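Just below sit the structures, each encoded as structure tokens.
Two complexes follow with subunit A in common, the first pairing it with subunit B and the second with subunit C.
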Partner chain A sequence: MLNIEKHIEDGNWVLILTGEIDASNSVELDAAVSEVVQEGAKKILIDCSELDYISSAGLGVFMSYLDDFEENNVKMVIFDLKDKVFQVFHILGLDQLITIRPTKEEALKD
Partner chain B sequence: MNSQLRLYCDTSQLSDLRQFLEAILNKTLLSDIEQHQVILAVEEVCANLIIHSHDCNSKEYIDLNVVSSQSLVVFEILDFGKGFNILEYQEPEISQVIKSKRKGGLGIILVKRIMDKIEFESLENKNICRLYKILNSK
Partner chain C sequence: MLKLPTPNIGKISILVAILTWLALLFVDITRIFQSVNQMENTLAPEISYILEILFFILVYIFYNYSINKNENIDFLNLIWRGVSTGLLATFISFGISIFYLMLGESKLGSDPLVSNFFYHVNFAFITLFLISTSLLWKHLILYQKSKKVVQQWQAFEVLMLISMFFVFINENDFDYSFIFGLVFLSIFSASLSINLKWIPYLTFKEKWKSILFLVIILVCTTFLFSSLSSYSDIGVTSFVNLTDNLFLIGLFAFVFIYALFSFLVTLFNLPTSSVFEQKLVEAINFQRLSQSIKPGQDESQVLDILIDSSMSASYADGGWLEILDKDNIPQMIQKRFIDEEIREEIIALFQTIKPFSEFDWSLEDNDSKKFYGKIPHNIYKSAFLIPLVVNKKTIGRMYLVKEVRDGFNKEMINIITTFVGQASISVENYRLLNEAIKTERYKEELKIAQRVQRSLLPKELHHNEKFEICGFSVAADEVGGDYYETKNLDEGVFAIIIGDVSGKGTSAAFNMSQMKGIFHSLVQLKPSPGEFLYKANTALSQCLERNHFITTSYFLLDTNLQTIKYSRAGHCPTLFYDHSTDKAEYLSADGLGLGIVRNLNYRNYIHESEFQYEKEDILVLYTDGIIEAKDEKGVEFGYDNLKASLVKYKNLSAEKIQERIIDQVYQFVGEGGIPDDDFSIMVIKFNS
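This part shows the complex of A and B:
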């Protein structure tokens, strides 16, 4: 099960992901990111402190936005990943392509 | 130890698959992080079959057999129909995934990086993919 909460904090969009992202629900993540982009977000913070699992379907959603974000100067920062979830990004080398920070405070500095 | 699960071809079954695998892997010497990765690899293969080989037709199914010993866990994933030969699949470069904005293509890379050995065989209509994880390996 996946729950996504969205709000604006100090001018930044924050998405809080809770639960597990797999092929059955990755469209929900896609819809949430797409919505905040349409709202004109220039910085999107993804809070993963309560994210227990992500499969390639979820990773693919993040990857599919990277080119557009670079072109449109949108900054996406993922923060507070559990170690087991971070390792999944690391296996693919996505930690070199996506900005990942240990805490929200550090994510805000980017 | 030998365990079996029949998985109907609906992505909502994937959370059941994870629970099934977690119960088995908990009893092995794999660390929590390794268990998590092995669950992911098996799920990637099953999700791929559910979506691409069976078009999410919940009347069709995949059978999973897991055989675990002290030194090895083998996941045998069996399905009927058009086979997906994971060994012949040419996975994309990550840079290509970004450029094409495609949301797929990463799963098989994960499977190949996490598992120690992969086998695929197809006999008439029956396809078997075997994933091996050596305990205390990569």
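This part shows the complex of A and C:
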């Protein structure tokens, strides 16, 4: 189960992900991110404090936006990852490409 | 043994009947001869009576046998048999009258012997006619019999049998007891004659025929009766009286009454017979609709029956049927008696006038809806529209139009609704069956894919006597995205790879086979681990979808130098057991999955490490399916459990270690647990 909540906070788009991201619902994440991009977001904060699991398909969604974001100067920051979920990002090496911050405050500073 | 031929009851009975009749004739003529010549009468009248009764019984046996032999004869043929015997008897009786008329007042005309002969002939044929027709009536009366009717008929037969012997008491006198008996038999006949269940099953045409036949029988009966009475008038019967017999007169009454009842009922049934026929056709149509379509046949056949049945049930003047195609556009499948031009006019009308304009394909409760009413068209005045619904989804609709106003009544609408419901079920069954066949085919295809993919994983892993190696892989779906392989590059030098394609199932399996191709191409160049990852990333960047990636670890094992050189591309860190310290650790070199950065920059993320190994050291390569295997509470197996398992079984052979680790994972997942990701493991143990 995955629940995605979107809102604008101080001019930044914030996505709150709750639950698990796997092959079956990674499309929903993709749709949410692409919708925010369409809105013209320049900074996207992704709150993962309630995210329990992410599969390779979910990582694939973040990965697929990397080039687009770089081209269009969009900044994406993931924050408040649970240890286990951070490990997944770290092992794959995605933490070298995506900004990952421990708290929302730090994420906002970027 | 002498075998007697089985007696043919029909032939024997008719033969004996003829002999009996001849005997009767002889007895009676002898009696007249004696009487005319004023000789002493030596023959008691009882002899005649007994012969007469014998004759009746034999004729009964003959006809009973011959009718039962033709069990499945239809009603009209049955009545026709009565008609033909009746006509025969009538012609003979009529011929005799003409003959006498021609003789006039001649001597021969008044000769008692001659007239008595003809009397006997007439008697015989009348008996044949009455008994055969009674037996035919029996068949009609007992059509769709109930126990009560059968008992009633048996009682009637017993009564008739008794009436044969009545002659001994009454000596053919027309007295009160005779009248009483006759009235009683007539009333009994009348009560039997209300059993006319066969009539409604005749078609309109058959009814007309049967009316004609029944009239003939009535006329014959009347004529024969009157001709018999005339014999009494001319005094033939003063010597022998065969015909003023309660049995015979009773049969006259029965044959006449049943024929009359049948005639009247058939006549009054004529106007309603079309309704009955219509209902019968509807029942047959319903049965045809409910027979499900056989595989390979088209559902249009059912729709064909549907529109024909509905049109005949409502006497519609035109109609057509539309079914939604794959793109949800209505396509006309069936059309009856209506021009395309007029049809388009009516469709245009439907879109503007209520209730037809209220039709909506997307509604879920369409199966309870039907639309009918007037339409302002110059040919067709009323219309009926009914949706075809399968599983709450409207798949089509049927239109019927009539040239009269208010042409569709409640009964018609009810029966059409039933037809449509039944047809929808048939179509649904057909579609479900087709789907099942298709799914079966997909399963078959997947099995083939599974076989092909299994063959992509190596059965034998390259190694030498200095180390043991084994591998195991299981897919969550039919096919998976895990991959491992080895290659012997030089004497004592081996390349080992393990990989995991993102996602799972078929798409992962395709990418896994690409990875295998890349491995086999690049390994020829004997690249260093870092070089391998760089080239593999470049190659995969061309063919992986944007949101897919592959994680891998590549090892170069040199048993001569006892070194391992490796690079990790986002794959789970390899577990290494160091025998000298008796500790297992994860080799956590940095790295980035293949296909994530698809340009030259990828080189910046490659790190190569090298280390020495000793005897008894163990290397465990695996995919994340093992780490992420969950128990019933959703807790993951995790890195610590894997490490603990390895330390626990470190003294076993590589194969045993692998076996135990897999056991541990399965035990952790529990009985009901299923792996929801592909998982693979390779264990390498160094002997020296």
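As a working rule, the second predicted complex is superposed on the first by the 110 of 110 C-alpha atoms of A that agree within 3 Å, B and C clash if a C-alpha of one lies under 4 Å from a C-alpha of the other, contacts with A are read in each partner's own complex, and residues count from 1 in each chain.
Methods note: a contact is a pair of C-beta atoms (placed from the backbone, for glycine too) under 8 Å apart; a residue touches a chain by one contact, two chains touch by 3 or more.
All figures in this text were calculated on a predicted structure; none of them were measured in a lab.
Participant: Return fit or clash for subunit B versus subunit C, each positioned on subunit A through the superposition.
Facilitator: Once subunit A is superposed (C-alpha atoms), there is a clash between subunit B and subunit C.
Participant: Would you check which partner chain A:Ile4 touches, where first means subunit B only, second means subunit C only, and both and neither mean what they say?
Facilitator: Neither subunit B nor subunit C is touched by A:Ile4.
Participant: Of the partners subunit B and subunit C, which touch A:Asp83 in the superposed model: first, second, both, neither?
Facilitator: A:Asp83: touches subunit B, not subunit C.
Participant: Just checking: does A:Val74 make contact with subunit B only, subunit C only, both, or neither of them? Give me first, second, both or neither.
Facilitator: In the superposed model, A:Val74 contacts neither subunit B nor subunit C.
Participant: One more residue to check, A:Ile98. First (subunit B), second (subunit C), both or neither?
Facilitator: So A:Ile98 meets neither subunit B nor subunit C here.
Participant: I'd like to know which partner A:Val61 touches here: subunit B for first, subunit C for second, both or neither.
Facilitator: both
Participant: So, does A:Ile44 touch the first partner subunit B, the second partner subunit C, both, or neither?
Facilitator: In the superposed model, A:Ile44 contacts neither subunit B nor subunit C.
Participant: Please determine whether it is subunit B or subunit C that touches the greater number of subunit A residues.
Facilitator: Comparing touch counts on subunit A for subunit B and subunit C gives B.
Participant: Using the superposition on chain A described above, determine whether A:Ser24 touches subunit B (first), subunit C (second), both, or neither.
Facilitator: The first partner, subunit B, only.
Participant: For subunit A, which residues belong to both interfaces, subunit B and subunit C?
Facilitator: Dual-contact residues (subunit A): 22-23, 30, 53, 55-57, 59-61, 63-64, 66-67, 84, 91-94, 97.
Participant: Residues of subunit B touching subunit A in their complex?
Facilitator: 11-12, 14-15, 18, 32-33, 36-37, 40, 43-44, 47, 50-51, 94, 97-99, 101-107, 109-110, 113-114
Participant: List the residues on subunit C that touch subunit A in their complex, please.
Facilitator: It is residues 500, 502-505, 546-549, 551, 569-573, 590-593, 596-598, 605, 624, 628, 636, 676-677 of subunit C that touch subunit A.
Participant: Of all residues in subunit A, which touch subunit C in the complex?
Facilitator: 22-23, 30, 53, 55-57, 59-61, 63-64, 66-67, 84, 91-94, 96-97
Participant: Of all residues in subunit A, which touch subunit B in the complex?
Facilitator: Its residues touching subunit B are 1, 20, 22-24, 26, 30, 53, 55-57, 59-61, 63-68, 83-84, 87-88, 91-94, 97.
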